[in-house]
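Below are two complexes that have chain A in common, paired first with chain B and then with chain C.
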Partner chain A sequence: MMRVFTMEFQKIKRKGIFTTIAILLGVQCLWGLWSFGRMSGEKLAQGWFQCLYHFPILNAIMMPVVIAVLVSRLCDVEHKGQTFKLLETIIPAETLFHAKYLCGVIHVTAIALLQVFMILAFGVIKGFGGPIPWDKILFYLISTIGVHVTILLLQQVLSLHFANQMVPLTVGLLGSLAGLFTMFLPKGVGKLLIWGYYGVMMRVGLNWDPSTRISDFYYVPVDWLGVFLLAFMFAGIYVYGRRSFARKEW
Partner chain B sequence: MLFKIIQAEQMKLKRSPVWLAFFLLPILPAFMGTFNYVQNVGILDDYWYSLWTQHTLFTCYFFLPATIGVYCSYLCRLEHTNHNWNSVMTLPVPIPYIYLSKLFTASVMVLATQVWVGILFIISGKLSHLPGPVPPELFEWLAYGAIGGIVICGVQLCLSLIIRSFAVPVGIAMIGGIGSVAALSKGAGALYPYSLMSIGMRANSPGGPMICTPGQLVLSSVLFLGASTVIAVLWLRNKDVVAA
Partner chain C sequence: MTDIITTNALCKKYGEAMSVKDLDLKVPRGVVYGFLGPNGAGKSTTMKMILGLAKPTSGTITVFGKEMNQRNRLTILKEAGSLIESPSYYAHLTGRENLKIISTLKGVEEEEIDRVLKIVRLENQKDKKAGQYSLGMKQRLGLAGALLGNPKLLILDEPTNGLDPAGIQEMRELIRALPKAFGMTVMVSSHLLNEIEQMADHIGVISKGELVFQDRLKVLHDKSKSSLAVRTLDNGTAKGVFERHGIMCREEGAFLLLPELTDQELSAHIFHLFHETIGVVRVEERKKTLEEIFIELTGTAVSL
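Presenting the complex of A and B:
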């Protein structure tokens, strides 16, 4: 397994995947500098709320497409070289499936970790009000990784199944759009789609007064039903995806 | 000659479900945007104009550029695989025609998408029982949006010719779309190819004037299209031998 896993990293050598991640984080960092750089007074006092509210929205817009691109890069290399048949004569299909998945998981976990470091850096440098809400930030990190890896799994199943990478990328795009929209709809709608879980897992709510145009943030409790549903979806996609890949004729 | 190459492009797309993405993409914002509009009629009080914002805001900033990116990647995929660039480049056709035929094919899809967005908007408005007639500016929004979309096609085709991966140009289109928010906020929308579509469709201020004049939009579009055509032709002329 370890050998197959390290092979995955050799396959993506010079494929620009780390550049993609760096660009993604760069865009998020620029967004942060642009929006937090101008903050002062009241807004700065609610800085942690602002971060925990806006970064999930950024994730919902960007991450499904970024994950689709990442997975497509990992799987398309086999489709292009028509190497599945060859590889499956040497290693079990499940091992290949797991190796590719773990490779993707490492990338998305790195993205989430770096994003949290970025949030903490913004908070400390700009001097957000109040102590660092470690528990909320830790939940944000874990839940974000949870949603990332579930979407990653779905994208991998699609990217392995369809030689035409247009299909998984379109699904990623539509998912991203649907996930973003569900954030503005009742929370139950978001629970129906895996891309909606960036919103479901949010620990911050927003009260916006249209007459005064003042927004007020508040913490919301963990949506445990959402956590279980996400875990259930993950298990379902994993069981189906692993089986369908192992049984596929190339 | 050009017509024949366009026909060849159509043949390559035969029985391909690539149009499905453009069919499905506008349905989501139409459905969810209308639902959101109906839920917030108190705040969104500008009837048809508010509904237009709900339908188009996210779509033309973030998602239409990326969907066009998918389509353009698909249009170049066949040539990138199995050494097909060698076959294409040895055909007795002028090199610009190869790029222009792909641009034409992508532009037709953008035009069809705009018509579909318009139809969905009218249906959603009627189903929501909006008072008053359909805004007379609708055709203008769609037409200028289509011009902006064709510019994105030009840029994305250029990227998909240069970058051999299917997915990377899509990622660039997504980042490009997000960059359009920054370009618009800095007042440089007309100078940035990915924001021309949202300017044309007037996604954030349908009732007001365009951020730049229509003349500026068209001029900027022509310049970007010209530049991407020149870059693509030069690239094909000089780099076509790399057909691995």
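Presenting the complex of A and C:
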């Protein structure tokens, strides 16, 4: 398994995946610098809330597309090179499926970790009010990785199934729009789509008073039903995806 | 001679269509086995089933004396290399990097890469991206990948497809040399008769999913019994003369076709014709070409 896994990184050499990740994080960093740079002390006092509220929205907008691109790169090298019929005479299909998935997981976990470091860096440099809410940030990190890896799994199943990568990329793009849209609808709607879980997992709510035009953030409890539903979706996609790939004839 | 691959009543059905029907293959050790058949005859499907890339509908496959199933498939195939249909490669990686991936997955020493590159004569192109290779070079890269780990069995599906004449010649020589040089058994498929004729020692002919011939190539050559064609100035009378002496013949164009005769018999019969003052103007030996035999076997003219 380890050999197969390391070879996945060899295969995506020169495919520009690190550039894609760097651009994503760069855009998020620029947004942060622009956003926090013009905030007054009063707003900065709610800096941690701001981050835990806005970064899930950024994730919902950007990550489904980034994940679709990442997975399509990982799988398209095999479709284009017609290498499945070679690889499956050397290694089990399941091993290939897992190695590819693990490679994707490493990438999205790295993105989530770097994003959290970015949030912490913003907090320390700009002097957000109050102590660092470690428990909320840890939950944010774990839940974000959870949503990333579930979307990643779905995209991998699609990218392995369709030789034409336009199909999974379109799904990723539509997922991104749908995920963002569900954030502005009741939470129950977001639970129907895996892309909506960036919103479902948010630990921060927003009260906006239209008369005073003042927004006030507050913490919300963990949506455990959402957590279980996400885990259930993950398990379903995994069982179906692994089996269908292993049964595929080349 | 033991058989490296045997299949027993192997069948593959796609929907309602039977792609392979009750196939009993026997590929002997240490030979080049030519698997010949028209396009769509079931060659690739059979090879894919042997490699576990397609699941047989029924029947069994035995490789290296072990009956294959989903559990032991990869263990058995550790000693096999393959090239199915078009070559498999990562276009954005160099030839060497491509082979590095395969050698790592196969658990083969890295030194092996240089050895196989040398065999397929790609050592000077190893640092070029595979996407920039010509089709012939891609095929040779595919063959190099199949040769990694010095397998005992090579399964090559139409390895000369799309190559130019020089590339075909080169690939053919390479395949021909493998059993002697490395003790390998090579199963190679093609829809081109002359190609298989120049490469193979043993041959299996598949038509519409059924094996219609399987033996040494020599046996097939022996099947092409020769006949004699005689042209005289009066074929009608000559036919009567032959028949009076117990030789059944038939007219075909300007010739009389006689069965195979010894030199003495032929000389005696020509003497009879002289005796009847029938002028003999041509005597030709006619042999059925392999192509004609194949058409007989497969019932298809195709591109054999």
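Observations on the model:
Everything that follows uses one rule, which is that the second predicted complex is superposed on the first by the 250 of 250 C-alpha atoms of A that agree within 3 Å, B and C clash if a C-alpha of one lies under 4 Å from a C-alpha of the other, contacts with A are read in each partner's own complex, and residues count from 1 in each chain.
Here is the rule we use: a contact is a pair of C-beta atoms (placed from the backbone, for glycine too) under 8 Å apart; a residue touches a chain by one contact, two chains touch by 3 or more.
Everything quoted here is computed from the prediction, not taken from an experiment.
By the touch criterion defined above, A:185 reaches chain B but does not reach chain C. Look at A:13: by the touch rule set out above, it reaches chain C but stays clear of chain B. By the touch criterion defined above, A:66 reaches chain B but does not reach chain C.
Chain A has more of its residues touched by B than by the other of chain B and chain C. Contacts of A:80 after superposition: both chain B and chain C are touched. Shared-chain residue A:166: touches chain B; no touch with chain C. By the touch criterion defined above, A:23 lies against chain B but remains apart from chain C after alignment on the C-alpha atoms of chain A.
By the touch criterion defined above, A:177 reaches chain B but does not reach chain C.
In the overlay built on the shared chain, the residue A:89 is in contact with chain C alone; chain B does not reach it. Contact with neither chain B nor chain C is seen for A:244 once the two complexes are overlaid on the shared chain. Overlap of the chain B and chain C interfaces on chain A comprises residues 15, 80.
Listing the residues of chain A that touch chain C in their complex gives 3-4, 6-7, 10-11, 13-15, 77, 80-83, 85-92, 249-250. On chain B, the positions that touch chain A within their shared complex are 17-18, 20-21, 24-25, 28-29, 32-33, 35-36, 39, 42-43, 58-59, 62-63, 66-67, 70, 73-74, 77, 81, 165-168, 170-171, 174-175, 178-179, 182.
Chain contact summary for the complex, chain C toward chain A: residues 48, 51-55, 74, 77, 80, 82, 84-93, 97, 100-102, 104-107, 142, 145. Listed in rising order, the residues of chain A touching chain B in the complex are 15-16, 20, 23-24, 27, 30, 34, 61-62, 65-66, 68-70, 72-73, 76, 80, 164-167, 169-170, 173-174, 176-178, 180-182, 184-185, 210.
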